[in-house]
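Chain lettering (A, B and C) follows the sequence in which the chains are written, and residue indices restart at 1 in each chain.
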Amino acid sequence: MLQVEHLTKHFGQTNIIDQLSFSIEPGEIVGLVGENGAGKSTLLQLLATISKPTSGSIALHGLSYQNDLKKVRKQIGFVPQDIAVWDTFTVEENMIFFEKLAWNHRSKEELHNLCQDMNLFQWKQRVSTLSGGMKRKLNLAISLIHQPNLLLLDEPTVGIDLKSRIEIGQYLRRRAKEEQTMILYTSHDLDEIQRLCDRVLLIGNDPFYRDSVKFF
Amino acid sequence: MIKHVGLFLQNHLLQIKRKWWSLPLLLLFPIFIIGVMMVLIASFFSMGNKDDVVAVGLVDRDQSEETRFIMQLLEESSSISSVLDIERMDETEAKQAIAENELAAYLLFPDAFIDDLYRGESVELSVVGNRKQSVSSQLVHELANSAVRHISVSQANILTIQQYAKQLGMSEQARDDFMMEQFQSYLMETLGKDQVLTQEDIKNQATASPVNYYGLSAWFGLVTVWLFLMYHFFYKEYSPAIQQRMMLYGVTPLQQFIARFMMMFFIMMLLAIGSFFGFHEWWAWDLAGENIRRVMILIGFYVILLIQFLLLIELVVRSTKLRLFLQFVMMAVLFVASGAVIPTIYFPSYIQDLLNLIFSYHVFVWCEELVLNQRYYADYIPLIGMSAIGGVVVWVLAIWKGRAAS
Amino acid sequence: MKAVIITRWLFIKRSMLSFFFWLLLPLVGALLLFAFVDVVEDDSYVPIGVIVEEETELANDLYQEMETSDFVAIRETEHDEAIRQLQQHELDSVFVIHQGYQEGIQTQQRTNLITSYQTNRSYAYTAVKEMIVSHIQEQGGRYQAVQVINQLSERYRGESLWSAEDVIQTSKQIQAEEQLIHASFQYASQAEKKDDEGSRWEIWHIWALLAILSSLLTMDWLIKEKQSFVTQRFYFTKLSWHDYLLLNGFLYFVIWLVIDLVTYVIFSVGFDETMGVVTLLSYRCMLTLLSFCVALVWKRLYVFYAVSFLMACMCGLLLPVRDMHVINWLHPMAAFLDNQITIGWLLCSAGVILFWYGRRRRENAAS
């Protein structure tokens, strides 16, 4: 389980995140909602160990972010908002590339299955020729190679068609249930959040989001 | 079409405005490079200059009468002392002097040098050079080589005389004295060898001095390097997304090329003409107005053809790395082929035959005729032909590329 | 390391041609350029004008000798035309063999037998003059021998015993049979002696220059990968981003070493050019570290390429003046070309990389 206590992040004089506390249970999908600039991405980066909080503590399955950084990282899957894959490679090559650099070994078959589970069938196709939805799926698949317990997704479905969106959603649900993965998910699509998430975490002060979330 | 070209021209002007700070750097850097090259060439030619005397040591291990005679002659000979400053010393002194960088090299006459020479045994004259003055060392080596060639001819003759003299029944003592006499006589001949010819200095046009030639070369090189840098200054790689968008607005590669071409041509002409007047003043070329105009036209063609050449490579080669490499190599080849580095009369004949096909050669040859030889004529016909062909090829390729992209 | 090899292979196999082109550029480029310069140097000649005023055996002899020389090309023209061409710098220099040449040689009146014309642009004049004078000297020397022997035989026997042809024949024979005297050259600081080591372009010079360019340009993977969004993923891999880069850099170093080994064998077998193995190793090490540093500094690929060409260009231009003390000290190729171990640049580059590595590592640990 992920436990966040009194998390604060300053950038110079501005307080991006102030005294935030929450927790996520295994198997739970939590939606992160807030207006642009509310600190969604900053929070994800803090949880992903990419940046360091000004104060407060984070612990994953009892491992402190401060003291057990390496162990913590092994359990985190981070899906960046940008499509962080090699454009010139095929899907297969991308999977192999990151498998080689991952902590645990996965066979080629496992990698292949991982993609198939997400309905990503273009195994031998170059990424640059894939559709946006397929690229998003690959972006997600790569983050799952090392079988993380905590999956952090930064707008994973932005700009793709409904079918891929639903497929990704279904896959995440399945994964949360079967592998007891904790998933934190940001999106601007409140319908999607409603459909997918067990809980919603609201940050920022925009009244619009506050009102919208009330309807859940 | 014209509207788009205008837009790109504006864009290029903005580019200049945005990156104005890098422009002086871009323009000054080649001046620095060419300055270094000029210093190099000047230092190379001053090797043969009478003012620069190379210090050379002489070490005599043989200590025979003949070697002493040679040393004395070498020290005193005026034809040698204008190039070399020769001093007799012993070996340790010579080594010391080289370590202290006071000598460019020393010559070593080995033990039994003369005896071996008379007996027809192989002898070796050693030149020991100084790494810190490698060019001078090589010069001394060349001189020693030339001296050795002369000596070996003389030696053959002395041995011939000796062979015949033996058949005449001369006493050994008389023969030895006689050989010594002959040796000295041949040595004197060798030292005075230049007397066989009268050397006349032809006064060519005052303007045709090497200084002016290299001045013209420097200007030509400056224009070439500037153009290459300008090309990269205005070159911009557009992402596929932007390329696509531009295509949607009906912008073709050809229009971009025309805009870039016009921009570069305009700026290069400003630079070329401006710098030409600088050189014209500095080297006091004092050209007639109509010849200045001719040089301008020639360099105009040069600029046009060079831009066409660079654009052509850009169109054909897709890999950035390879394209840069090819452009770089081709610029260097064009520059050397123009004859601005080494006059083309020294090239092998089959290369000279090819030069007629190369525009940089035509441009430089006529610039030379105008500036150095004071001719009042220049032939533009080949250049007009070449630039027309170049223009058509670039045009067609650009259109083809535009089609292929859409 | 295995992971690095496999992942790098994924990149390389996409661009095999380009990969090998840049890898082999120093070797192949040096061989081609060297061969080209060699051929051109051999085929280059100095155009000179020669005017022969008398039709005698010795004058023709001299002319023949000049014609067979491999570095001049003779154009036989009228006097005035030759001078005009000389002024236009279509000829390097002009030589006139005067009436009375043969008589002068035979009677040992060897002054002003020919006239040479040169201008201030006769770059090859000294060499051509030297060649011609030495031919005249040769002819004259032989007739001097003839004269001396005739005098001797008349003094001792009262008659000339041998004909001029006999004596000249003997002299030529002696000269041809024995290469009696020669000059050797060596530098004071150099241990072994090399005969006739000229200032010619050594193949390693060309190689070293091209090696700078090619190692910089092959380092472009670093810029490309640095720019990619993929870098974000390296927080969650077993290799950190800087370890990944360093190991890849090392992999390139090893690949280059293999190519260098081939180069070493080819150059030492084919050209008999000796070069210390440690010298080569240290130079390659420096090149790898230096290009790694440069690639770390620049962000844009195009700028990086431009900088690479600029650096190679500067190295090339400063090469001829590297004898000057300061430049010799600063020039990255200087130590290599003097067959010494490259230290300065190696340590500097290594220092920069260590600094980069340490800083990133600390940042990473702290975040």
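Criterion: a residue touches a chain if its C-beta (ideal position, glycine included) is under 8 Å from a C-beta of that chain, and two chains touch if they have at least 3 such contacts.
Here's who's who by UniProt: A = ABC transporter ATP-binding protein; C = ABC-2 type transporter transmembrane domain-containing protein.
This structure is a prediction, so every number in the text was calculated from the model and none was measured.
*Asks:* Which chain has its C-alpha centroid farthest away from the centroid of chain B?
*Replies:* A
*Asks:* Please tell me whether A-C or B-C has the greater number of C-beta pairs in contact.
*Replies:* B-C
*Asks:* Compute per-chain Cα centres, compare each with the mean of all protein Cα atoms, and return the closest chain.
*Replies:* Per-chain C-alpha centroids ranked by distance to the global centroid put C first.
*Asks:* Could you work out how far the Cα centre of chain A sits from that of chain B, in whole Å?
*Replies:* 64
*Asks:* Can you check how far apart chain A and chain C are, centre to centre, with Cα atoms defining each centre and the answer in Å?
*Replies:* Going by mean C-alpha positions, chain A sits 60 Å from chain C.
*Asks:* With chain centres taken as the means of their Cα atoms, state the distance from chain B to chain C in Å.
*Replies:* Comparing mean C-alpha positions, chain C is 14 Å from chain B.
*Asks:* Could you list, by residue number, the parts of chain C that touch chain A in their complex?
*Replies:* On the chain C side, the touching residues are 2-3, 6-7, 10, 14, 228-239, 244, 365-367.
*Asks:* Which of the residues in chain A come into contact with chain C in the complex?
*Replies:* Contacts found on chain A: 48-52, 69, 73-74, 76-78, 80, 82-86, 88-89, 93, 96-98, 100-103, 142-143, 146, 148.
*Asks:* Can you list the residues on chain C that touch chain B in the complex?
*Replies:* 18, 21-22, 40, 43-47, 73, 83, 86-92, 94-95, 110-121, 123-124, 126, 129-130, 132-134, 136-138, 140-142, 144-145, 148-149, 152-153, 156-157, 162, 167, 170-172, 174-175, 178-190, 198-199, 213, 217, 220, 301-302, 305-306, 309, 313-314, 317-318, 320-321, 323, 338
*Asks:* Hey, which residues of chain B end up touching chain C in the complex?
*Replies:* 33, 36-37, 39-40, 43, 48, 95, 98-99, 117, 120-135, 137-138, 141, 144-161, 163-165, 168-170, 178, 182, 185-186, 189-190, 193-205, 208-210, 213, 232, 235, 237, 319-322, 324-325, 328, 343, 345-351, 372-373
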